[in-house]
């Protein structure tokens, strides 16, 4: 009677403990029977990683984060995590935090080292990539990038303004159009020369988007590089626009000089006496020719004289 | 030597008491707790599915809602409410009757410490068996949700489990365990207190029983809130 | 030897006992008599420390049980056997288990010896056949006798009886009285009987203590109880004699 009670109680408790262990492991997506071993990684920043987050190797759950502890004296975060017994991680592997905590998907990713290396022993420390986390890199360079984009836009707007003022300054319409055409040509040649760069910039942007996408789906590790590339492209774009601005300004002053009659071309364009001279010359020429038709002898004497020689 | 024999026997009697209480509080409560948990899990799943049916939220979210709800709150609280009636009332009535029929006095007069003899095994049994009942309630509640989801074609088991895993926090089941231990302590100790200090015959026993059931429910709710605020 | 010295007890605003002093001698049978609600049961509960006095003290074998630590009190209580009004048998156990209960806790007997002692005690109260029965299956008188068997199992020095004959028919009452006498003689125990059954008092008691109006009104040998000079005592004694053995169950004030 007593024993049967003890058996009932014992069975219930044992069953409950088994259900708890199996259930917890089941919901953590861990193999139910095999055991695991512990590894440690030290991060400067864990971007919201917390105990219980999964550990993934090549996108497969292989364990869980056991604890995340801030080591204030060393200014690092010590992450201890469990990896399933049957998963061997070669030496030289890197652990990194992936995903955004806002999306509820922070995880510890493991970039495997060369598979020829011996596996890491339980309790050992796994390397982490140096430098700030990717997300923070992006965040840190954000203001810088914004200011660059800003200055590029400023330059563009100045260049446009110069063009517009060029348009507005009256003068001869023809001249303005001519200078405008010149400007356009220059612009064309400028953009023609930089076409490659622009295209590559666009391509890089495309690649960046793709990388970002891949990053969100946790695969990208080249975001940092991309960010740098975008930076370089923006710098180059800025330089191009600065050139454009200078060219426009030169064109402007050139057109202005033509208008004000400075230089040969200007005088040519602006001095009426040349036209008058030419005009009178042609009038005299006309008169001379008519005279020649009417009195050819007068000129023929001279012609005979010439024939004598 | 003789004293040692007696204390061995004393320990054995306490142990038997403890086991008996664990059977009464825990093992015998499994069927009703399982029934309530299964229905709660099923209803929760159906209603969550109903609420989400017109939105673009993926089906897996149903699993992400049902499983943590069971683990964090429902399994523990439903177990506690059922046992406040089943166990709390039983303990209060039992001890109350012992008080008014002078059985507690009889124990005292024999030289036994009636508090450790009567109250300790009951409270301990509550603290040990409540977590076990909570675990069964979780298992059966989630199972009930899964079953109805599959049976009514709301979502597949795979989706359900995937959703549950997606937002699974390892602290969830342990939080539930902490709750159930607290509730076990609250219900059994309130019931023991009410029963042990019963006054005034059959009417007093009735009053103690009612007070034990009602006050345990109130204190369970308060403790539930306090734990949620303190630990989450 | 039990000495009660200047005992005061009140429950809230209600004074129950005022300045009660009483000595109970070794080997005697003392009857505490009085009307229902006069504080008899309260006085008895003080003797075993179930209640503690507001003022005054109770000495059992020169140990002040009102001020000793709980563990020491438990030791003192082992010298007592108490027969409660309703028997107070543990209703989750059979009669045998009830009688064996104190033996299992407080004696060094082996299981076989316990079994023998249980049979002996049940034999003594003339209930040898009820062993496997639970209290609910027994009549009131049978329950009291099994409870008495439990009270004497550890061979106590003092036995306290709380209304041992109340609610019983005259024949059963007489049987209980005989048992009380028999135990007092054979085991040489000191008995304290709380009762309002004067018939029973005349049968068993050596001395009587009469509680009236919160205090002890009269204490003396049983032969002197027909004291015509004391109208209060006299009216109680005479009134009781008309109702021998047929009192309805009276509840004590506590």
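Letters A, B and C mark the chains in the order given here, with residues in each chain numbered from 1 onward.
Keep in mind that, in the parts below, a residue touches a chain if its C-beta (ideal position, glycine included) is under 8 Å from a C-beta of that chain, and two chains touch if they have at least 3 such contacts.
Molecules present, by chain and UniProt name: A = Mammalian cell entry protein; C = ABC transporter ATP-binding protein.
Predicted model, so just to flag it, every value in this text is computed and none were measured.
Asker: Based on Cα centres, what is the most central chain?
Answerer: B
Asker: Farthest chain from subunit A, comparing Cα centres?
Answerer: C
Asker: What is the distance, in whole Å, between the centres of subunit A and subunit B, each centre taken as the mean of its C-alpha atoms?
Answerer: Their C-alpha centroids are separated by 60 Å.
Asker: Using the average of all C-alpha atoms in each chain as its centre, how far is it in Å between subunit B and subunit C?
Answerer: Distance between chain centres, rounded to whole Å: 43 Å.
Asker: Which integer distance in Å separates the CA centroid of subunit A from that of subunit C?
Answerer: That pair's centroid distance is 100 Å.
Asker: Would you mind writing out the residues of subunit C in touch with subunit B in their complex?
Answerer: 45, 48, 50, 70, 74-75, 77-78, 80, 82, 84-86, 88-91, 101-102, 104-108, 110
Asker: Considering the complex alone, what residue numbers of subunit A touch subunit B?
Answerer: 2, 5-6, 8-9, 12-13, 15-17, 19-20, 23-24, 27-29, 51-52, 64, 104
Asker: Touching residues of subunit B toward subunit A in the complex: what are they?
Answerer: Counting only subunit B, the residues touching subunit A are 16, 19-20, 22-23, 26-27, 30, 67, 128-129, 131-133, 135-136, 138-139, 164-171, 173, 177.
Asker: In the complex formed with subunit C, which residues of subunit B make contact?
Answerer: 1-3, 5-6, 9-10, 13, 97-98, 101-103, 105-106, 108-113
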